[in-house]
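Multiple structures are listed underneath, in structure tokens.
Note that subunit A is present in both complexes that follow, paired respectively with subunit B and with subunit C.
After this line comes the complex of A and B, so read on.
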């Protein structure tokens, strides 16, 4: 190779994907590399658009809402809860306190198992197989708890308009079983989190890689634990009425590197256990659902909720016969992945995939819609969103 | 040495190599997981069945991989989407013979809720068809999502098919 050619090949593009062991799901990352250092990164999330909102258009509301659960297989409960919550807010349905508590218990158990999947995957990508297996072992115990409450391991279908399904009511036997199992689990999760945080081998690998500063996090609207690891003090659970009785801390860390994203999730798991314990201790008596309501015309109603990965937004309206019109859903991975494009610039190539994986991407739910204008894809800017909102308000 | 002891004596070289391959394959089944566009549920359950110490397919020498060239079993989860139909065909061709395909989950076997189900605009255009309309499928593992026990049973049922081929 001559001197001239060498200069031309200095910057190389390294594509990762469509399939990669670091991520179970297909998506494509293009790393632009100069001397093993990443100079630019482009993430394509294309292959997954299924058009779930389109299927739901014109369906009876309760039949349609059950589809929202199939948006994602990891955080399935929270999607259904948020969809139900949007309709409940629009129709002004009063939800019994017991139902709210059961929903919170399910959501926090789901947060636990989601964070443990993340930790298991992060350890797998790091190459620390023991910790990966320990996370999977712990996760099985949580899946058992979910199974005890709902009867299924993944798609629980707990919330229903006006409460929760009667089969998911936590009776005396289940309450005792949950309490005893959770007290054992609490120690194990604490142990695991401690081990992850204090392991010098893991921390030396992840410290200082993939730094996302607070300014960048604000600019890219980084949601959930990923944003909180960069110093954004945003947790919708503190503002939700369902969570107002529970005492828990919002984990906010300052460094914004992969280490903080791992630690934030490890610490959040402990907080989630705290919330579940409080909810089981003070489970309000009474009915689990209030089914005395009329489904009729409903103006557009929105709901935000704190999912394991960040905020989920759902909006929906109903026509006179109670059929779904214009259902919309936005999931947290969309902005989390966008901020990871910035975070991995300046890293070594070997750390690039780790950084992208560290935002806990869940791609099944991310591909919502593509705006096509004259046969070309168009990116929606802030002005477009503003004009859309203005049109919606008129 | 142990493998050679299990083989019959006085056979031709090519036949011997074939038998050796068969014995070796039985001891290292590689499952490739390809996710054509479901909801992640089946995906996590397969990873769980393979890796999680409670189920642990790896103790039966079934190993999860993402490299089609070393795979024996292709586990497909999810309905085939318009954008994943070509990659699915390519990955199927890249897997060396003999191979078996397992369609996992309600979406893999019957397209689940995404086809034959829809409001006024009908079902989704992005969801094209079932997995067995694109590539031949040997094992169906139904469930939404199937439990890890079902996945282990399904893959265990497919292994004799693989060894016969």
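After this line comes the complex of A and C, so read on.
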């Protein structure tokens, strides 16, 4: 091919990252553009590893589990809960109902917290600083609620094997405080969602941008609210025993664009408030933990849970002294980001970053997803995943 | 002659002093809307510039670093000349006091952003190494474009499309006054150069004559044109919601990514000058009060120049960045409204 021909066929690439102000964490996006329109996209993860799984190996189980909280600063509770859940399942530890309710309350508060950070980040990428600031202001109220229950604003350390920490029990004073503040918060979140949905300038940016069809969402196993915004009616909470007493709707939308991903999270926030209200209203009496169990050898035990961004998988095995032999954690961002490679094609370049951000990526959680078996890389099939999910939910 | 020299020194100085206040006001208004305290008024416009001057000098990765560094200074001088062309002392210098001359200078400023972007090669895109490239991977068959270059493409589009509303609005007073001379436009609105000459530099008796002005702003075509001018002002300034040229979500700061230390300070000053000058042109053409040597009138002019930046900070606080999908229709729409104002003013004149 001659020099002239090569120039004619060359694609224009806009490399974004490794570090970029619009990205909260490091990853690389290669946008291939024609004028301003994206014709192809390649997202590369894995620029850094925290090595949490390896750090945990050989640690006493409870000491190790607390490290799972450090996987993510936004959904720290859900990681700890799922890790604890996997071990409780393997060691057949019975968890008191009151503890389950407190875990659910924390998880839903964390969902609110995470969705508001998403809304703030989405608005920041849109360039709407005011709505970004307002989402962060709302988040402060939620962090106060998390503080009231756990005594911490970020890493709460609520679940322990067999229940929750005694300091996180919800007494009468906390119960009233939570109810009062939650009722105010519900109105504020509703107002905020209305403002966003009724803002024609915001809607002009997000409507029809980054469309991911239902078929594509199925093909790429798009998790959580991102998948539900594309019409996938999947929410693990509906299958979890901890959530069986709560009445809430799974938000499923059809358009699959950025608007639906934003609206899905806004509506899910209101559903989360509904769950917390029910949990506070019918908080079961009794102890918050059951510490009568023996820790010994445990074969690999797995658990799936619906985190704010989608399904989380945790597996844990223990040796005969109760130390962690192997721990694995998989987060939803991997498949969500893969879906966004497809979703952003045809967008304007500026909308491309918005589309990538609209799956609410969390790289701190994600960068561990290499499956190696006997020294060789193994591909996990869809059937493998389904079987793992069935085992996890059992 | 003395008045000419004094005006040439004093008016850019007034522009600079007012410019120091504008970024602070802008940030303060936005912060209040966002329920934050915001920075002190002088910090972003003055103290930040001063701070940058004393920062460690960093050599840019630009292929022509000296030219790259000198462009903001050229921009500041162009803006000073743009405001000087609207002063009574400069009206008669080789017919520079015309709307066409001012538009020409503004066009150079628009082009300047393209030039700045063309000479910048920051680390934040193509030059940023990634593991596969470090190990020797070659990106075959593609041309890797710097953020700044993408920003230049956008700047070019904004020159062709985004600046229509501003210039159409500027020509509405021209049609009403039946002249491209700024002298005629301000006289049409009741401004008398004798306000200044021979009354002396400080003379409060001229202040009450402001009330006798008949601004084009308060006519029907003038009001429409003023509205269109404001949208054009946002577009030429590359400010929200038309800041696609420096959209933080992809091209970050756009053309100015590589400006650091004193050059960043100079870039800030250039932006402040543009903010002031575009407001000043509006006050001259739509209210009929040019920047003059008479200090009370100059102070009033400078205070009026703060209104437009305050309005733009309110708009920008409530707007996301528009992509070209939105910029094109908005620009076309406001151009059409500007044309309507032009037609109405033509009918009024005929």
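Note that in this section the second predicted complex is superposed on the first by the 359 of 394 C-alpha atoms of A that agree within 3 Å, B and C clash if a C-alpha of one lies under 4 Å from a C-alpha of the other, contacts with A are read in each partner's own complex, and residues count from 1 in each chain.
FYI, contacts are C-beta pairs under 8 Å (C-beta built on N, C-alpha and C of every residue); 3 or more make two chains touch, one makes a residue touch a chain.
Since this is a predicted model, take the numbers as computed values, not measurements.
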First, second, both or neither for A:133, with subunit B first and subunit C second: both
Partner chain in contact with A:155 - subunit B first, subunit C second, else both or neither: first
Which of subunit B and subunit C A:71 touches, first, second, both or neither: first
First, second, both or neither for A:180, with subunit B first and subunit C second: neither
Touched partner set for A:28, first subunit B, second subunit C, both or neither: second
Touched partner set for A:39, first subunit B, second subunit C, both or neither: neither
Subunit B versus subunit C as contact partner of A:51, first or second or both or neither: first
Common interface residues of subunit A - those touching subunit B in one complex and subunit C in the other: 18-21, 47, 133, 137
Parts of subunit A lying in touch with subunit C, wherever the complex brings them together: 6, 9-22, 28, 32, 35-36, 44, 47, 123-130, 133-134, 137, 201-202, 204-205, 348-354, 357
Subunit C residues touching subunit A - in the complex, by the definition given at the top: 30, 33-36, 124-126, 128-132, 139, 141-145, 147, 150, 153-154, 240-241, 243-244, 247-250, 252, 317-326
Subunit B residues within the subunit A interface of the complex: 33-35, 37-45, 47-48, 51-54, 66, 79, 81, 83-84, 87, 91, 112-114, 117-121, 123-127, 144-145, 147
Subunit B-touching residues of subunit A, taken from the complex the two chains share: 18-21, 24-26, 46-52, 54-59, 64, 67, 70-74, 76, 117, 120, 132-133, 136-137, 139-140, 153-155, 323-324, 362-365
